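Each chain gets a letter, A, B, C, D, E and F, in the order it is written, and its residues are counted from 1.
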Amino acid sequence: MCADSTKNRILWFDELSMPEAEKAAKNGKVVIIPCGSIEEHGDHLPLATDSIQAEYVALGVARKTGCLVAPSLRYGLCNSTRNFPGTITITFDTLRSIMTDILEDFVRNGFKRLLVITGHAGGSHMTAIRLAAKKVVINHMKEENRPRIIVCSDYDFAFDLKGVEFDERDSHAGTIETSRVMAIRPDLIKGKGAPNYPNFPRFEITPDPEKYFPSGVMGDPTVAAAEKGQKINDYVIEQVVKLVKELEQ
Amino acid sequence: MCADSTKNRILWFDELSMPEAEKAAKNGKVVIIPCGSIEEHGDHLPLATDSIQAEYVALGVARKTGCLVAPSLRYGLCNSTRNFPGTITITFDTLRSIMTDILEDFVRNGFKRLLVITGHAGGSHMTAIRLAAKKVVINHMKEENRPRIIVCSDYDFAFDLKGVEFDERDSHAGTIETSRVMAIRPDLIKGKGAPNYPNFPRFEITPDPEKYFPSGVMGDPTVAAAEKGQKINDYVIEQVVKLVKELEQ
Amino acid sequence: MCADSTKNRILWFDELSMPEAEKAAKNGKVVIIPCGSIEEHGDHLPLATDSIQAEYVALGVARKTGCLVAPSLRYGLCNSTRNFPGTITITFDTLRSIMTDILEDFVRNGFKRLLVITGHAGGSHMTAIRLAAKKVVINHMKEENRPRIIVCSDYDFAFDLKGVEFDERDSHAGTIETSRVMAIRPDLIKGKGAPNYPNFPRFEITPDPEKYFPSGVMGDPTVAAAEKGQKINDYVIEQVVKLVKELEQ
Amino acid sequence: MCADSTKNRILWFDELSMPEAEKAAKNGKVVIIPCGSIEEHGDHLPLATDSIQAEYVALGVARKTGCLVAPSLRYGLCNSTRNFPGTITITFDTLRSIMTDILEDFVRNGFKRLLVITGHAGGSHMTAIRLAAKKVVINHMKEENRPRIIVCSDYDFAFDLKGVEFDERDSHAGTIETSRVMAIRPDLIKGKGAPNYPNFPRFEITPDPEKYFPSGVMGDPTVAAAEKGQKINDYVIEQVVKLVKELEQ
Amino acid sequence: MCADSTKNRILWFDELSMPEAEKAAKNGKVVIIPCGSIEEHGDHLPLATDSIQAEYVALGVARKTGCLVAPSLRYGLCNSTRNFPGTITITFDTLRSIMTDILEDFVRNGFKRLLVITGHAGGSHMTAIRLAAKKVVINHMKEENRPRIIVCSDYDFAFDLKGVEFDERDSHAGTIETSRVMAIRPDLIKGKGAPNYPNFPRFEITPDPEKYFPSGVMGDPTVAAAEKGQKINDYVIEQVVKLVKELEQ
Amino acid sequence: MCADSTKNRILWFDELSMPEAEKAAKNGKVVIIPCGSIEEHGDHLPLATDSIQAEYVALGVARKTGCLVAPSLRYGLCNSTRNFPGTITITFDTLRSIMTDILEDFVRNGFKRLLVITGHAGGSHMTAIRLAAKKVVINHMKEENRPRIIVCSDYDFAFDLKGVEFDERDSHAGTIETSRVMAIRPDLIKGKGAPNYPNFPRFEITPDPEKYFPSGVMGDPTVAAAEKGQKINDYVIEQVVKLVKELEQ
């Protein structure tokens, strides 16, 4: 987490000293909390893929808006990829608890404008984070200066671009995700991957979903490219900048 | 968390790809899990002080032993500093849960040699981590290839040096800790701090311990120096390397 | 819950006697568990709207397939409508617990083919049910005759028809839902309602979402009609029949 | 749950619309919450036996007093019959949680006069409901308009008649219960059953109590009759009407 | 807990040494676990009244049967007397947890014949203990040498004598209880108390039941006598001796 | 727990009557809560060793200061000795819960000066008690008359004497502990024990620590003596008297 530490301005919340943190709270600084996961992303992408993207976006937004970035929570909840090698998942209750604790404690410190951005966007992972946020805003809803919390995934924006430049079915470790990591951390790309468009049962809850996509890929990583990724990343940053500005109002 | 990513060897666990992670498990790689906290450390040190040291040690050990470093858990449990600005703490139950989940899931992935190193060393923080580790080793104690887990703080070693070169009373944000951060991240040091040797009640459980050390310092940061810090850091790394080698046997 | 009790065949699971239940388990009968909510649905629809639809579908499917319908769980989890009069909501953890208990106990009784259909389809309500089902299938995944569980909402199918006959924005208490209840329980319709297409913030987690749709309606109930509703209901039944047949294979 | 829906007056709470529910709360309407179980009741009675009776009483009371009946919770906690075919039980904690949620949310909606009537009357089932009610009344005990909650089983009254017309040992699926179901749902009676007066150990907690009454019956169903049942049911309704009137004061 | 420690035989389990405990387990010794409460018992009886009686019975039984007595759990769950001065109550969940832990750990140590006797006999207190015992016997029901657990209150026997020598309405701190304490610990009796036969609402769950019996007494302590108490105590011991013998078979 | 009951003054809290307890609260009496464990202490000491010492100290302090002693909690948390015969342990969560309940309920009764003394001093046992105390003081920190709670082990003082008269490595069931029990309950000493100075791994969390000290002893019991024990016990009482006086200020 050393990125940008030598720059003029501190982006990471926890690189502040105590008096600086106190001042930031008084100034109403927005704090972004990036989340990721440790999850297989095919043979060609690192386990940290989700974290890398969320942190990149968070830092990009911080540079443009002057907000702060809390330490990334790189441990997330992975249901469909749990049984693949390399996936390290925490439980729903743990994720909800730690997110509740973190949000609640930022509010206790006087930070009332919070934005959670998660690079991992699985259904129950998102619900755990949203329930945590919901609990915190309800806890404080009768206070004069109510906290405001936004929860989003960078894929809420990245997938806006599907249908235009990218296949509608593109998803986990596919063209978009591979392109994005190529733009951020090309040194971590291993090979090209292989296209795969799995058919999951729409409604059955299975204990072993990996059997439907043994390569761990949903989409076509072979047509990924760093320039495509850069454009997506820029677009996502731009969208999240808008959300931060909403919070600053 | 980009440190060393351009080096020949991957140090961070989650920069591996899925097949690399699978191979690492098969090869019996030790995984180090660094933990820290977001905690006031006086006016002169960053909130990330604990995390910075644990991660530095973990990476240093990984370079010397070939083990892997899991993503750092920068959210810890802070009791005595909770009410200072900047401290963001999670609860005992959350810390115990996430550490249990993480250790259990590394074991599920086939990583049976784990070492947790925490830069924060508060009593209940340590107990939460130890109870998590205890639960996991008990869960698997009847298996043939039982997991082995070591839990330590780098201050278990750094404080070995007290009495010789450093004041016996030196502690939180004092000479040793300030020296260590000066050696690792000099860019994050703000001023010199001021000496403070607080007298805590030995047995009373108080809701507001901050009143006993309003500066947030326990020790004398003014005599800290980067060279002292480097020596300590080297010593700590050396000790943890020994523990990793024990695990590898 | 007296519907059809005088017919030749028992549709409701709990109208069986003990020996009949034992026989049904041995015969591999599919059990459908309908869920609803007690939730405001504008001025024109009853609080039981979600339950009514799910139970109607469940009974319709049972008539066509010979499966059984467990007692409806009419208490659900309502987040966005919680603060309206009439909404009685249970918590996420309670919903997950009771659904886990129910599914687990049907499996213990030898019923290995289960289908949950919920008339309420809120995000965290769905996640709670899915996590319950996931837990149960994982609990038994190493058994020879593994249980299979499907979780769906009748709105997974009813909304298939949007864009064709119905407005894309139609939702809670709108044209589709009003039409469906008109077809099932016309006696419970009060007036015509009024059209309303609310704009929710896309990402902010608010403690008082009711301010964005004070009438409690999302869509246009004024163009609803019983014949439209009947067609939708028939379509949904037809789709769920397919799922039951999948389970029977 | 369609009973009486075509009558002039709505008896079921969730058949109200939102504005009707709001008005009912303002008018101080008593709400009855019926509970049952899914439990073996010998070869001759349906699994829904407990629910059927509680709902019948609740509706009867509603007709006489003008109170409302909440959706029945047909899932209860069965300890002694758990291992018989057909018994679907939820856990103590789940029952306590859902009952707490339901009561708490009715109070939040302004319904301050609540009566829980349960057709199942096992010891821990009753304790779970009472603890839920206790928690809710304690939560609100410092408010001006404190909620009042009554918890009873219809067997608190039905068994008043033992010793006079019925055998003192009559109990689960015996003369009284069989007679009552014969009066309410004769279509669900299968055969006559057989008399059985089991001897349970008075104090030992056994994991398999079914071995003491393999037929699942405690009493003599062969002397049951619909007229007897009708008299009992009328008596129970009369008693619960008194309780509702106490709440209305 | 020094009673009888100078006698030839050790009655208290925890006065054994490690090898003696091991031997006792091998010999299949029954262990009695006495429970009490810290609860007002009028002006004339000590808060420890419930504990005193259960421990007296337990030791009496141990003397006659050669079984062992575990340390008394003097902290119990008091609902109806909670708001009186002097009542110190633990929660339902805590009581259930500690009783589960204790029973489970005796079983783990090889003690498979356990008897819990509680001097406090409130409804939820009893249910908490019974649920704990139930969980433990279910946990081990598939083992060859299944544990057997009896749960009783000494009032299950003491109240057998009502109607004959004592008023049917006699209860908490009344004739029977006062007599029993007079026989065991006459030094702790303060004055004579005053008769009081409260009328509780039969079904309402109230947050402040103390208003129905402001003296904290239910019965007539003024006619209590030590000789009566001794007879009751002897009778209770005799009954519990029978239960221990059942367990020894 | 009959000690001193015939003396002029009541030492045990629960030997008070209700009005006496009310008066004691009004008079601001300090309450001491002794805790112990049921734990192997070699072949020569009883399982109750920890409880015996804590209760002896508590009563000694009560005699000197006029404070009250609550019933002892003889069930504690034993990690390192769990697998030895005779050790009966409760879990961390149970210990924390019961201690929280007890402290919270004394505060509710008006006792605002509390001192927990535990004869067992294992790390997680101590943390569980401290977390309970911390929670209670935080719960009430905004009240005018805040509760004050001290948590200590008598070994916090007894081990002060190490290095002078006793071996630095003396610990569990060693010279100090054996001497203390010899002074308090000589009738419970069985033989002399044998010296043993185990080497535990400093950081590894093992599921079977008993393998490092098969005799269950850490120290040299053979040089223990009752006079030594008496001196230690007197010293500990003297120290705890000081703490009680601090609380009384």
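Rule of thumb we're sticking to: a residue touches a chain if its C-beta (ideal position, glycine included) is under 8 Å from a C-beta of that chain, and two chains touch if they have at least 3 such contacts.
Predicted model only: the values in this text are computed from it and were never measured.
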item: Chain labels contacting chain D and also chain E; value: none
item: Farthest chain (mean CA position) relative to chain A; value: E
item: Candidate from A-C, C-D or D-E with the same interface as A-B, over half of contact pairs in common; value: C-D
item: Farthest chain relative to chain B (centres taken as mean CA coordinates); value: D
item: Separation of chain B from chain F, taking each centre as the mean of its C-alpha atoms, in whole Å; value: 32
item: Centre-of-Cα separation between chain C and chain B, whole angstrom; value: 49
item: Residues within chain E bordering two or more other chains; value: none
item: Chain contact topology (line, ring, star, complete or other); value: ring
item: Complete ring sequence of chains beginning with chain B, oriented so that chain F follows; value: B, F, E, D, C, A
item: Chain E-touching residues of chain F, taken from the complex the two chains share; value: 1-3, 5-6, 12-22, 25, 38, 40-48, 51, 55, 70-75, 84-91, 93-94, 97-98, 101-102, 105-106, 109, 185, 187-188, 190, 216
item: Interfacial residue positions of chain E with respect to chain D in the complex; value: 79, 92, 123-124, 127, 130-131, 133-134, 137-138, 141, 146, 148-152, 156, 202-208, 243, 246
